[in-house]
Structures are given as structure tokens and as C-alpha cells.
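Got a structure for you, questions after.
Lettered A, B and C in written order, each chain numbered from 1.
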């Protein structure tokens, strides 16, 4: 990683990241301020470590915006941020690829098919199986016991945690994070009913395609299309135990919380937020920026961008809240009917 | 595969499949019409390929019902169907066993226990583990990293995708399709509460038994019985992320959609359809041919065959729709009460 | 196992377990009464086997409380219980460790990292991967194809079934049972929304910690904390396909049924019971001993110990049942309004 890349990365978390010094040279890893060597990055958060400023060999030190470090900027460059500790924690994450227990290189116990292209800097763990004609991008990490069928493509910088399974033809974009147990590209659920009550499987010939910067949670399942592709857009984040049926299309930067179930051929627009345990009837469409409250059941399309939905059957928030208030009023309605009957009886009696 | 087997297979999708020619000889794989060799099957869908009819070496060509091919029937046989392209797609699927990344034979890295019987034509993938005394039928495909405990039986022609786990004693019938991550035969959820508030595990001594032609989706879990068997009937199709508790019995040709949860000892009749995200209280029974709408909650038995259920608590469709209409009418009821109160007050005032 | 350990174990299921005889010597396994050898345990349930009492070589026989065995207590000891058959079934379970297909010792195909400590009596199955600095307690069984990342701790006597994945830093207590496909410690679902509608991942730096005697079902997912720990208390029993979000704390001896979804930072007290398919909004708290009916949706905290909750939004049982009764009465309310309108019209007409 270069210092400039680190600056850009921290810039995603902090408003202003100021560079002091030349910013030259590669950074190979993190270290404590008192023991850092050339090529390493460290930080100073606590005042008592300021004394190391003059003597550190670190190539980069992250410091508080208020700290005057200009005089020390020679072999060492500095990045000034609001919260150097948190910045360093974020940075640790960048150097933490080895947490997947896959070492740099290809493990001796991994089984690689024929005609596989493998980029530089990959880590392919023990007992991984990669089918024929797969393409593995640069710096990809594939955790132990993951399986790629034939003709799978994994984009640069993606991380597959142990036990991930990608069926044949699955296309994963760049910088994906696929958590353990997720299954991409298993057969969609399609069966043709026969006259005798049995079913014949409808071959599921399509694939699953993921854009860039997608994260998929543990044990989530995304089915391949019957024909064509089930599409997960760029930047989509999907939680654990979610089901996405065949031929669905999920728009860029949409977020889907745990245990959501999306039936086949649903099309969800970009930048939507789908709460936990929501369910979708098949062949529906949601427009851009729609938010769905947890547990809602979507039974028809909503094409107005930015609508907030709630309830089962789901409806726009205002109507649903009115409906819920009405339901809570049923008790008082009953009391009012009791009262009306009594008054009417008294009136009749009186006449 | 023989030509007769292909004819029977296509007969499951098409009303009439007519054979022209001798129908002799084995078929070893698919090929394009212009390059097909003896022993291969091809198709003609587009008119411009009709010119290959006279010169193809294919042993079998699938053609449109309207195409006169009798004069070409020598070394080549023909099957005439309504839609030769779709027929060929279906047929491709039959030759696609290698998609599981398990090659014919037993991978060198697979670990096979003692006393295991293995049929002809199997493909057992890398890093598969098979326990003692298992029985693996003919033409079974077991994808990489799948695990069978001891005493597991897999019927002829079944396909286990990578990472499937069958606990000890699991019995899988013929032609099963078990998708990645499904777990058959884990312990049922049974614990005896103790006086101090803790629980003691109730040993789960039974097994899971699947009939023939069953398909199980990714990451679905089917628990072993406490004693006896959890039974999945012939032809049952189960989607992804479904939970089936201990001692359940699912009747033949019943279909269960994603994320359904079935508590212990539920008995579902044959030819039922259970929609997505449905939940069942334990120890209930559904009769033959019952259909349950998505999201319903089944809280009691329904013994009338063919009933259509909906809602939570679920009730027969007609009653449920009436209930739902009533709920939608609560607003107008409130208006009518307002009106009644006003009129009654006016009347009293008038008197 | 010693006879005293067997007596203690059976004492968890039966009120009185009486020892007759010396109770000396180790017990190595179960056997039928007619063929049992020294060191083995058997049972007599059926009267016709009583004739073997005089001749058995078993070191221990489990018999009915009513059976006079004192005269046979020499080389053989006896445990008298109410139901010797069930007691023997429970005991079989204790000898059934090999069902996970992991043999005693470390399989040749397992890959063990650096600085791993491994206790006596462990069984580590084929293709298991264990990261650096892990600690594996005594008598732990790790089924084939399971993966432990770096710095994982597994307490004495725990059983991990095939394919379990524990991310880095996960701490599992003693006597845990982790079923196939469960994933402990994957990243919590945390993303910071950016001005352009995209998301930046919030690093999940914490861990998952399980107490002693925890059981986790198949394909259940428990996410690591953002910082600190997601905590599962002692004796907690969790069913299949449950989702537990980052930073949750589940109290001792709480039971969670299948397909429950618990959002981040929920705190559930000890000895609670959570029914199937229940959902929780994040950052809530339930007090000790709360019971939640299946399918309920918890939208706020309940701090009164022992409350029974039901419905969505969940409320105490009494209020919820009243609410449900009211809903069922809406039809009769409509009839009463019809009647009131008719009577009022008639009255007006009459005046």
C-alpha cells in the first residue's frame, strides 16, 4: 500500500486527512511506535508516546490534528486526523487479510482445475477446490474449504471466507466480501407440475452475477437464473441467512438485512433498504430508494421512488400507521357501540 | 444413455416425441450439428442448419415435428418434438454432471471409511469424507468437501453438491439433488428442563430418511428424529433455508418454499404446497393437497384434503379473505359509529 | 468413564440411581447382556434376560429398581433405575463420539497452524484447518472440514460437527455442541452511509464468546461484535437457522428456537424462551425468564421478569389475547352497527 492509498482510505472515515512530509515509499504493515521500522505505519494517540516522534523509523505515523509534527517530517511522513487511534484500527483491518487462515500463495492441499488464471498476490487456503477455466483476480483471498465450480470469475481484491460455494459460471466483482457458508448460484426453485401430481425439474441454466464492492453474509443463498442472470448490483450489502430467488435483480447500493426472503424475478431498485425478515411475492418491482420496515410483506410493486413501506400487506408508511391506529381503536369502538345500544334502548323505553 | 432413455426423458416435457430411425447405439454426449461425431446427439432448430441433415455423423438429431427426416434415417436416428431447442437444453442438463467439480471416479484426496460399498459410475470429489459402512449407489455424484457420517445410504443417481453434510444413519433415495450447505440429520432440538433452570439434552437417536426424486435447497436443515425417522416422501421439493424439525413426516410430491419453519412432529400430507416463510406449530397435521399461502402461520391441524389456507392464525381462504375485508372496513365502521352518535344526540335533543 | 461418572450422568435424568456392588473399574463401552465382556456396561429391561444375571461378564449392568441383584454383585456392579432401557439409550449417546467421523487423534489431512495447544484425547477430523495460536481443550471432537481461524479457543469436551466455522478470536466454552454449518464470528452488519449513497464497511473488531454447555444448531449464524464481544451465556440452547447480530448478549440457560432473528445489541436475560421465527428490533432488552411466543415481533424492551409475550408488536399475553379477541369480534361489531342504524332509522321514522 502507498501512503496516498492510506490517505484515501482514511478519507472515507474522516473529513480531513492532512499529509505532512513527502508521502513517499510503500507501507508494508503496521507496528508499534517504539519498534516500527522503515516501511511500517504506526500511530500516536497517547501523549506519553510523543517522545518517540523524534526517533521512530516508521515511514508513516498517524497523529492528532493538533500535533505539530512538521519538524520531524524527514524519513517519516505523517497523516493528521481527528482520531488517530480509530484511524489506526481501520488501517489494521486493511492489513488483516490473514484472518481468513489463508496464507499468501496457493496451499499445497488446494486443488486447482485446468485452464485457471490466477492473479498476483492471491491467497488460496487449504482444501480449496477450484474448477476448470476459473479466473481469480489479483490479491484475492479464498479461505480454506471454499469451492468454486467451473467457469467462476472472482474480481481483484475479493475475500471469500471458508466454506463459501460458488456454482458454475458465478461472476463475482472486485472487492467482494463473501462470508462463510454463503452459496451463490445453486439452482433456482423451478419445477413443472405433471398430471400425476409429481414435478419435473426445470433446468436452471443461468448464472449469478455480483457487481463490485458487494458483501454477502453467512449462510445467505442466492440462486442462479433459469436463463440469463440473477444480478446483485455494485455496492450491495446483504446480511446473513437471506434468500434471493432466481432471476432477481438488486440495484446498486441496496442494503438487505438478515432473513429477508425474495421470491423469483423480483426487481429492487438502487439505494433501497430492506429491513429484517421482510418477504417478497415474486415478479414485483420496487423503485429507487424505497425503504421497507422489518417484517413487512411486499405483495405488489411500488414504483414511486423513496417510498417508505411497512406492514403486511405492505403499504406506504402514512397509510399503514393510520391503519395500525385504527386497529388499536377497535376496543374503544366496541365500547361506543355498547353505549349506543344502551342509549337507544333507554330512548325506546322512554318513548 | 440410450436413445430410448433420451426419448423417455424428453417425454416428461413434451406431449409427443416421435422416433424416426433405428434408435440403436449409445449416446455419449452433445455436439453441434456441423461437428457431431458418431455416438453424439445434436439438434436442428434454425432452418439454415437443415443442410447438415444429409452429412451429419451424429447418432441422434432432435428436430421439429414438421421436418421430414425419414430419408436421412440411416446411421442417424431422429427425435421429433415441438421445440427442439428447448429439448436440447433439457438434454444438456443430463450431460452436465461435471458441473459439481467432481470428476468420474474417487478423488485422491477423498477419505473413505471402512466397509463402504460404492456403485459403478460414481464421482466422489476432492476432500469428501465418507464414514464407515456407508452405501453409495450407482452414478452418484458427491461434490467436493461434502461429509457423510457413518452408516449413510445414498441411492442411485443422486447428486450431492459441495459441502452437503449427512449425519450418521441418513438414508437418501434415488435421484436426489442436495444443494450446497444443506444439513441432513443434525440433532433435533430437544432438552429436558431441570429444577435449576438449566437443560439436559435429550439424545436424538433417530435418523432422516428421504424418498426418491427429492430435491433439497441450499442451507436447508432437516433434523433427525428423537427415535425413529424424520421422513421426506418421494418427489418432495424443498427450497433454500427451510427448517424441518425432528420426527416430521412430509408426504410424497409436497413442495415447500424458502424459509419455511416446521416444528417437530408435524405431519404434512402428499401433494401439498407450502408458501415461503410459513411457520408451523409442532404436532399438527395437514391433509393431502393442502395449499398454504406465503407467510401463513399454521396453529392447528387441517384434515380436509385440498383446503387452501392463508393468514396467521391460518384459516381456509374464504374465511380469511372475509376476515381481511372486515379488517379493511374498520375505518368505515368508525365513521358509522360517529354518525350514529351524532344522530342519536340530535334525536335526544329533539325530543 | 467410571461407574461413578455413569451414576452421576444418569442422575440427571432419574430421581434415584442406586449402586449395588463395588462400583470399581473403568467402563470402556456398551454391549448386549449376553455377550458383554469385563469393562463393558449392559442393561436388563425384559424379564427373559434375567437369566443372564448370573453369568454376565459385564462390569456394570443397569437394571430395574424392583430387581433383586444383590446376590450377583461380585465382578459385576449394578445401577438400579426406574427405566433401565431409557437409561441405557442415554448412556449409548455418551459412547457415540465417533458419529462425527473424526477418529481419536489428529487426522493426517488436518492442517494445524503455529503455536496451537491441543489437549489430551482430542479427535480432529480430516481436512480440518486450525489457525495459529488456537487452543483446543481436552477430549474435544472437531468433525471433518471444520475451520478455525486464528486465536480460537475451544473448551474441554466440546464437539464441533463437520463444516463448522469459527472466525478469528472466537471463544467456545466447555462441552459445547456446534452443529454443521453454524458460523460463529462473521462480521456484524455495519456500514456507514456515504453522501453518494454508497456504504463504507465499519470494521468489526470484536469477537464471539460462548459460555459452557452451549448448543448451536445447524446453519445458525452469530456475528462478532463491532468492538468487545457478542456473548452467549452458559447453558444457552440455540436451534437451526437462527441469526444473532453483533454485540448481542444472551443470558444463561436461555433457549432460542429455529429461524429467530435478533438484531444487533439486543440483551436477553437468563432463562428466557424465544419461540420460532420471532424477530427483534435492535438495542432492546428482555428481563430474566421472559417467554416469547412463536412469530412474535419484539419492538421495545420488556423489563418485568417472567413476562409472557405474544403478537406483533409483542405485548404481554393477557393484553394480546384481549386484542386478538377484539379482532375476532369485528364481524359482530359490524352486525351491531347495522342493527343500530336500522333501529335508529325506524325510530326516526316512527317519531
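The rule is simple: a contact is a pair of C-beta atoms (placed from the backbone, for glycine too) under 8 Å apart; a residue touches a chain by one contact, two chains touch by 3 or more.
None of these values were measured; they are calculated from a predicted model.
The chains other than subunit B, kept where they are, remain one piece by touching.
Taken over every residue number at the interface, the positions common to subunit A and subunit B amount to under half, indicating a different-residue contact. Seen as a C-alpha superposition, subunit B sits on subunit C after a turn of 120°, to the nearest 5.
One inter-chain figure worth recording: subunit A and subunit B are separated by 29 Å, centre to centre, where each centre is the mean of the chain's CA atoms. Counting partner chains per residue, subunit A has residues 109, 127, 145, 163, 181, 219, 241, 259, 277, 327, 330, 333, 337, 340, 344, 347, 351 touching two or more of them. Looking at the complex, you find that subunit B touches subunit A at residues 12-13, 89-90, 92-93, 98-101, 107, 109, 125-127, 143-145, 161-163, 177, 179-181, 213, 215, 217-219, 235, 237, 239-241, 253, 255, 257-259, 270-271, 276-277, 294-295, 327, 330-331, 333-334, 337, 340-341, 344, 347-348, 351. Here subunit C touches subunit A in the complex through residues 109, 111, 113, 127, 129, 131, 145, 147-150, 163, 165, 167-168, 181, 183, 186-187, 189, 191-192, 194, 197-201, 203, 205, 219, 221, 223, 241, 243, 245, 259, 261, 263, 277, 279, 281, 297, 312, 322-323, 326-327, 329-330, 333, 336-337, 340, 343-344, 347, 351, going by the rule given at the top.
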